[in-house]
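Chain IDs A, B and C follow the sequence of writing; residue 1 opens each chain.
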Amino acid sequence: MSAIPVGARRVGPASSKERVKGVAFRALLLFSLAVGFITLVTLLVDVVNDGAGKLSWHFLSAFPSSIPSHAGIQSPIFGTVALMLLTALFAVPLGVGAALYLEEYANKARWYNRAIEINIQNLAAVPSIVYGILGLAFLVRGLSLGRVLLAGALTLTLLVLPIVIIASREAIRSVPNSIREGALALGATRWQMIRRQVLPAAIPGIATGSILALSRAIGETAPLILIGALTFVPFNPTGLDSAFTALPIQIFNWVSRPQDEFHVLAASAIIVLLVLLLAMNAFAIWLRNRYQRRW
Amino acid sequence: MEAGTATHPDQEPAAGALLARRLAARRRPGEAAIKGFLFLCALLSVATTIGIVVALAQPTIDFFGSVNFFDYLGGTDWAPLFKPRSFGVLPLVVGTLTTTFWACVVALPFGLGAAIYLSEYAATRTRRYLKPALEVLAGIPTVVYGYFALTFVTPLLRDIGLSAEVFNALSAGLVMGVMILPTVASLSDDALTAVPMALREGAYGLGASRLQVSTRVVVPAALSGIVASFVLGISRAVGETMIVLIAAGLQPTIAFNPLHGVETMTAYIASTGIGDVPTGSVEYKTIFAVGATLFAATFLMNMVSIRLVRRYREVYE
Amino acid sequence: MVETGTLKGPEKAREQKPISTLDVPGRPKKAMRPSAEPIFEVRKLTVSYDGKPAIREIDLDIGRNRITALIGPSGCGKSTMIRCFNRMNDLILGAQVEGSILYHGQDLYGPAVDPVEVRKLIGMVFQKPNPFPKSIYDNVAFGPRVIGMDGSMDSIVERALARAALWNEVKDRLKDNAYRLSGGQQQRLCIARCLAVEPDVILMDEPCSALDPIATGRIEDLMVELKSDYSIVIVTHNMQQAARVSDMTAVLMPDVEAGDNAVGRIVEYDDTEKIFTNPENKRTEDYVTGRVG
């Protein structure tokens, strides 16, 4: 194919130099993607390799111990589950409530409503350890709750609240306005419309978002360190005012020890944590696919 | 009386008053109460921010009562828990910067590269699987990354000939970079896909190659969003705790040597928080002073990032 | 754009003889004249969005037990106007309503009036059918439930669906999701939903524009049936429809004001028969004969 003159230029097939550059660039981009995936796979293989051997019913049912061969993760598991349930209990209603206010009631033109929105965006990006400091100052020392389960749950609640709010807002916003108008035109009050039409329609999205937010909470270590989740808790949490530990804390504790046996324990606990996270995320995705309405 | 068809209100003398009563504004205390409750939920987020500021400000101000501000900012020796005590925060800042730097070396170029691939090269179907897959990386708990950095990456660095110490900034930095990569990629991808097809079509129509269109047309058009993603990535690196706590060590130093251990601001806060420092002591207050420095730095970066995102959204949406 | 024609008056209009909308099958030859008491008295109604007027100085009376059509080219403010009657414009930020609308002598926008109560008496059917994502039964029952109507819900639902000419088609599948109905059925469901709260007035904002001709015809028949018990105001851009079903027709036309802002005004309001055969205003004539709009 000969080159076609177009104005002062010649338009023709790409020169070989151009083609090489194109291929090299594409390869570079693919490599960029690969970096992440290769690391992920390597990490998973490494962890499973290190820790799979130690996984056993004994491991799951024993309590932490200073003797590696006796140690298990029963109390960290219970602590993590307790934290997750409590955090859900606090964060979901508060988060959905805030999202409802911002989407259904707030006059967007008012400055204080805009300030609230920016504030939430900012809070979603604050380092998690700062939430730990907040919890330390107000809950552990300020309210004198002490280093207890409730303090941990409240701190995690504050941490995930912005995420729950943002996800809930998305879900609420996706309900079409025609539904709202239809309800109001029949003589429903605003809250009747919200409670009977908007909220039920938005629940799948809210549930999915909340589960994803909770899975983030479960993996957090830094705030709990400051709150004082202790690393040697050979008992399950007995109540809101009980000392507690959690899986990430226990993992951290074991990783910090120089001995290899503890590193192996850490790897095993990591596997359990990852399985738990995988289950939660898979559930969230299933929920979304099953119940999400396509408007 | 229902609004009927049998009798119309205006046929009766008292009907006007009856209708007026029917139309009258009802007092609905329930509605007002609900709106108030929901407003309080939203206000909680404001209370959180105020709480953070107060929690940090009070002890920080006290702290600077006993410690000279310039000694803090400019001092190069950080030894608050030892004697003789010294409160120069620079070593912590250097530690944070070193690890952040190496994180950026990984996250920024590869994150952007991944984003360009996703938005300009990948087929729609591939994209639908790749993008969530990348999110998995962001979902792995940081303590797991810390384990990986300490037990796998550091020995790996040694195997390839680098004389890395057991705790070193490089391992932690590189692994942090991989953790942040999805954030940079996702936000950059949002910015790139927001660029209208018309711009690309114009360039393709002139005979440009995909490489040229991506780098000379799309990326510049999405620049503010890409920069926003970079800033957010840096902010996350600065605020990350567990990876550096586990793998980077607790040795404050002002050297930028990545093969040695460092102590970041976050690692300091965490390790001091684990210990039992007496409330009200100067050591206790260092937690808050360093925390305030950290919060101020990330807050500024987050604000910049949010601004930038809003700017490109305004242009294209 | 308005052409300058050569017509000089009604005589000429008759000579021109546009497609006689009177010959559309099904239309009664004489306009019915039910009671003349006004249900709405609109005086100097002006609605602005963020300071820019959309309709200006609207004056007209809507009659009881009649079908009143609002016609005009798109963008002239018909929807804005009809939404004033049930205070749906309250929901739009920056909307400002001036002038007055008296409903049976009561000022609809009076300070003591609750928009929620207004909407229980003045119902609305929208352009695109908007059934709730619930069962057919729950769609119709929603209104009565939220306003706290007494009586057996089953009979309320059945009565509403029967009145909306939908009962026979859905009586065996009331628990089905409303989205499984066809477009025309969904719109009749929306009408049933509206009827269930026993309103006084039904407002319809282009109710058939998203429907096929057969479904449209059924809804037009329904409208004529409902007229005996309700007063109906309908916005339509379909002139044949207005000619077929309505008793009175109001013609809105946009005037371009300062700053390229199109503001709607009533140019003529009269018996439908007159509007379509012998209009007084030239702009009306141009519009109904299809010369403009």
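Please note the rule applied: contacts are C-beta pairs under 8 Å (C-beta built on N, C-alpha and C of every residue); 3 or more make two chains touch, one makes a residue touch a chain.
Every value quoted in this text rests on a predicted model; they were computed, and no experiment measured them.
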item: Pairwise touch network: line, ring, star, complete, or other; value: complete
item: Among all chain pairs, the one with the most C-beta contacts; value: A-B
item: Between chain B and chain C, centroid-to-centroid distance (C-alpha), Å; value: 52
item: Whole-Å gap between the CA centroids of chain A and chain C; value: 50
item: Centre-of-Cα separation between chain B and chain A, whole angstrom; value: 13
item: In chain A, residues with contacts to at least two other chains; value: 189
item: Residue list for chain C, restricted to those that touch at least two other chains; value: 116-117, 120
item: Chain A residues touching chain B - in the complex, by the definition given at the top; value: 11, 14, 18, 21-22, 25-26, 28-33, 35-37, 39-40, 42-43, 46-47, 50, 93-95, 97-98, 100-102, 105-106, 115-116, 118-123, 125-134, 136-138, 141, 158, 161-162, 165, 189-191, 215-216, 218-222, 225-226, 248, 251-252, 255-256, 263, 266-267, 270, 273-274, 277, 281
item: List of chain C residues in touch with chain A within their complex; value: 86, 88, 91, 93, 116-117, 119-120, 123-124, 126, 128, 130-133, 142-143, 146-147, 190, 193-194, 197
item: Residues of chain B that touch chain C when the two form their complex; value: 2-5, 8-10, 15-16, 19-20, 22-26
item: Chain B residues touching chain A - in the complex, by the definition given at the top; value: 28, 30-31, 34-35, 37-46, 48-49, 51-52, 55-56, 59, 106, 109-114, 116-118, 121, 130, 133-134, 136-137, 139-148, 150-152, 175, 178, 181-182, 185, 207, 209-211, 214-215, 232, 235-236, 238-242, 245-246, 266, 269-270, 273-274, 279, 287-288, 291, 294-295, 298-299, 302-303, 305-306
item: In the complex with chain C, residue positions of chain A that touch it; value: 107-109, 176, 178-179, 181-189, 192, 196-197, 201, 293
